[in-house]
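Below, chain A partners chain B and then partners chain C, in two separate complexes.
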Partner chain A sequence: MSSSVATKPSAPPPKAAAPARTQRSVLSRVLARPEVGALAAAIAIFLFFYAVAEPFRTLPAFATVLYASSTIGIVAVGVALLMIGGEFDLSSGVAVATSALAAAMITYQFSLNMWVGVIFSLVVALAIGFVNGYLVMRTGIPSFLITLSTFFILQGLNLGITKLVTGTVATPNASALDGFDSARAIFASDIPLGFMTLKVTVLWWFFFVAVASWLLLRTRTGNWITAAGGNQASARAVGVPVPKVKIGLFMGVAFLAWFLGMHLLFNFSSVQSGLGVGNEFIYIIAAVVGGALLTGGYGSAVGSAFGAFIFGMTTQGIVFAGWDPNWFRTFLGVMLLLAVLVNLYVKNYAAQRK
Partner chain B sequence: MTDTIAEHAAPDLKAGTPLVEMEGCGKSYGAIRALEGVNLTVNAGEVACVLGDNGAGKSTLIKIISGLHPHTEGTLRVDGKERHFSSPRESLDAGIATVYQDLAVVGLMEVWRNFFLGSEIRKGKYPMAPLDIKAMREIADAELQKMGIFVKDINQPIGTLSGGQRQCVAIARAVYFGARVLILDEPTAALGVKQSGVVLKYTAAARDAGLGVVFITHNPHHAYLVGDHFIILKLGRRVLDKKRSEVSLEELTTEMAGGQELAELSHELKR
Partner chain C sequence: MSRIGRPLKVLAAVSAVALAAACSSEGGAQNEGVDAGQEYTIAMITHEAPGDTFWDKIRAGAEAAAERHNITLNYSNDPDAGEMATLVQNAVDSDVAGIALTLAYPDQVGPAAQRVAEAGIPIVAFNSGINDYQNYDVPMYFGSNEQLAGRTVGERIGQDGGGKALCIIQEQGQVALETRCAGVTEGFPNTEILYVTGTDLPSVQQTIGSKLQQDPSVTHIVTLGAPIAQAAQQATSDTGSQAEIITFDLNADVAKAIENGDIAFSVDQQPYVQGYLAVTALWLNLTNGNDIGGGQPVLTGPSIVDETNIGPIVKYAENNTR
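After this line comes the complex of A and B, so read on.
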């Protein structure tokens, strides 16, 4: 074909003339991963509590830490993907409560099988996620504002409807309902390993993180998520279905919130209507500590797990060390600040010419 | 080096058949009327050059064809069928690839991911199917080398490339994915003499492979090197529409500069 191009003689140099490639070393590639800072912090914090708190050194204590981490990590991994996709969800904390309340009340009030409530609440949760995503994409209003509204709406509904239906601030005990035990086996069972007993949520957490990592790094959808968060206009221009991707991400967060809601319902049999408020920030912190940029387009699913693990170690470690748990919030704030500084450094580094 | 284009060109292209036809097309951004009453035909095997000052509506014109925003008046026909693209995906699926003026790349993503963004190669059709990362890296690398661009590492974020290198990636990508129509919005703006030459060669090769090309530029010399058909826009209206045989380079240059205005300018700048 090229023979028909009139100006061929001055064609660019052939392959052989290419300057030698500088293949980056494995180490420098690993150091460029978003979750490296969180991994280092997790190790440091683990060693710290291992040194100062004797009860922290036992395996059952480790199981407790993992359980606490999983209850944050399950939603945080969805929040991390959402943030990589360039959006926020402030309603994720209350959506946990909404799901659990919806499942408990519909089943109890209509004397249904527990599984009907489980499915019903899944539909409710996905609808919340869809509405969040749809409104953000349709109006172009920042997701911070849209989901802040959803947060207040859901918080009010949680309290109001629970009061209307049950007359109190909590749902009645659901443990006697049909299907409760089989649902509990899936969402809240204990797994005896001999040397320690693990909550099933820990396994679910690992599973969700693995799926999210695969999705993000190895699939087309992951490419689209990163692109939609990194530069929405560019992503659209090259044919990425940005609204679909982002609505999907909001629904993903809602799904994981539902999952945690189911765990809490089947673990404790009854749900407080004020549950979950404030946790949305902890999910966001876990994602940011794990390397997600607030501006989108960069981050990691595994990082959110390190973030959640740091959270779990600290909440439990403070207890094991016998300190005043009030310090926990201060610690969380310091962690967030450090993480943001590290991320800023990483972003500048990544944007540098090499 | 330009065989990529011939390999990827749709087999049914016949030189001279109209691929894109615009009739009385216009676009308003709210109260701003950026384009009105524009007719443009892009034939297979021809380069249509669109020239004009800043803000003349050139980018607005091609964004209608590439599906970034739909036209608000007139009709657009692609391959003879009336279309109203509501997303770039539809346009891409019709075999139209675009190099946007702002390049449409995602700075923090690797060069090869940017190259294949929106048209990824997968190892299966099922949801969650893995990407064929190895193939994509190799193809992106090879295509860039064909353009004479040697990036240090195909895995580096595209934001770490120079402006001209980024533009070359955007062009290589469009050339690779454009099967019927190639749209280039000021592709030589950031390029050195050598890479500009490469782009012009690619443009000519695309024409020879039977693609329809829309070439936007401020540079009448570049336009005249490859153009078969010239359109000059001014404030959203078409002020010149001539075939190559009907217009000389001087005429084109004068028209672009607004003839009279150029005379005045040369008077003003006289020392």
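After this line comes the complex of A and C, so read on.
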């Protein structure tokens, strides 16, 4: 006797539910930006000095702070992009002096128009950037070591060539040369706004930050920079031209160092060959305080601007506050540490909200 | 090999050029000296941070004296006290005939200088260490009395009816600079110190500008180096301050600024003379057994340069001897 077991027809398997797209709030998205921590730190430091230093509240003082920030921020923009691309440039400080010296000496020694010196020094600066990038990509030696070598080479060349050409360690005063005034108008003029007078470097700084932000956020090159800094091997695998990108970034830093060098020359008319040493660390500090990671692949141009602004506010704010100058460096260190801690707090808060 | 072959070749070529340039930079012996007597090698060791026009003048003076007396001058420098002491020992190991050095860091460099003196090698101090050189058996000193120079400035500010002075130090912790400002304060008590980073002129300008905005009562700014004076000029111009600028040391631009009335006066310690006398004194000691100064420092300053005597000095400043 056989018995048949009736089986219920199996129900069709339920359709896999489409993964619900997590709607991140506007606040979460804003907090995830690399520069937000630096913005928060900048606001905190601004409010602090606004409270403790009466002169800090005046517009002329604010103009001085912006000027101090711009002379750091111009090169820091390039350094930030380079760090996002996963590299360092320790020669950027002396490259500023190299550019200024090159322009002054070639013009003065050959009695040329100042603009010839400006263009010549631009070529020199871009060549330095190219050599840095080329050596890093060609040899595989870390950029820290390559550019440290360049730092020493340039420091020696600045001194040796200046002495060889001028007979002393500074360039002659260039203010009487043809083209000096027109170049000064571009690189070192004052912009009267009625309520305050801004240095032209401040406007150039804003311009360079805007261009760098557009490059990073709105172009394919920006994606390449971030990819090359995040994981070089993976970036190569998906067709990113890593050598071109990185050489371009080094040349970008060199270009901005050249620009600041021109400001140095046209602001002071003569240049000492020992200038610029140590400033490379300030540019890196501005980029890092602005949210760039030392490991690469993360950061923003606007963040570097906030980092430079923090540094400018702190250095000038301490003076405005009239604090004991013997403790200047201590105050500076404490303020920068506080800025980084605020930055970190905001980042951690953003991570928890995800 | 191909990855790094070409960069290495380029580097080798650059190194060869640099070495060739370096080998031709020793002062003195290559030029036919006026004195055709015995040739000596003298080491000059300073705390110079490379690329400063002040030290350039010291070296120019030393090289002029070396050329004059048929001396080979081995110049070396390091702003780090420990490294400077090592340079002194290097000079001894190189069997030089005499040593001229700066005593900016007496505690660190002084003992090395004392060992030189005890070894019977002629030694002179210059530029820094006026209060310390005798403690280390150094027989001669050429330089300015920084305290006296500072006090002279302070007293002159007082005579001008100054309200408040600002003394700008471009290298925190440097004894000679701190002493200058201490002297200014002694001569004019209402003096405030401001520290700046001397290797970053825009920053110097900005910091002085901020201070002038913070304290408009400043009537006099005292800078301790010629390039800093130029940055101070920019700062007063930016802020509309009427503060008078006084500076230590000279260069061509400062000389012109004094001539134009943009800088009140300069306190010149005559660095060219310091370098020249240090080498010449060693030569005299080596060739004639002379000691100069009778156990006292030989002062090269303070020499006040203002609108009354700037005329002929401008061209010397352009020649890098003032």
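Brief remarks follow.
FYI, the second predicted complex is superposed on the first by the 306 of 354 C-alpha atoms of A that agree within 3 Å, B and C clash if a C-alpha of one lies under 4 Å from a C-alpha of the other, contacts with A are read in each partner's own complex, and residues count from 1 in each chain.
Here is the rule we use: a contact is a pair of C-beta atoms (placed from the backbone, for glycine too) under 8 Å apart; a residue touches a chain by one contact, two chains touch by 3 or more.
Nothing here was measured: the structure is a model prediction, and the numbers come from that model.
After overlaying the two complexes on the shared chain, residue contacts for A:329 are found with chain C alone; chain B is out of touch. Residue contacts after overlaying the shared chain place A:57 against neither chain B nor chain C. Of the two partner chains, chain C is the only one touched by A:263; chain B is not. In the superposed pair of complexes, A:298 makes contact with chain B only, with no contact to chain C. Chain A residues in contact with chain B (one complex) as well as with chain C (other complex) do not exist. The touching residues of chain C, counted against chain A in their complex, run 3-4, 6-7, 14, 18, 21-22, 49-53, 55-56, 60, 172, 192-195, 197, 199-203, 205-207, 209-211, 213-215, 227, 230-231, 234, 238-239, 251-253, 256, 320. Remark: chain A residues 53, 55, 58, 60-61, 64-65, 67-68, 71, 134-135, 138-140, 153, 155-156, 158-160, 162-164, 167-170, 172-173, 190, 197, 263-264, 267-270, 272-279, 315-316, 319-322, 325-326, 328-329 touch chain C in the complex.
Across the complex, chain A is touched by residues 1-3, 5-7, 66, 68, 87-89, 92, 98, 100, 102-109, 113, 116-120, 122, 127-131, 133, 145-148, 150, 152-153, 155-157, 159-160, 162, 173, 194, 197-198, 200-201, 204-205, 208-209 of chain B.
On the chain A side of its complex with chain B, the touching residues are 1-2, 4-8, 10-13, 15, 18-19, 21-24, 29, 214-215, 218-221, 223-224, 226-227, 230-231, 233-241, 297-298, 347, 350-354.
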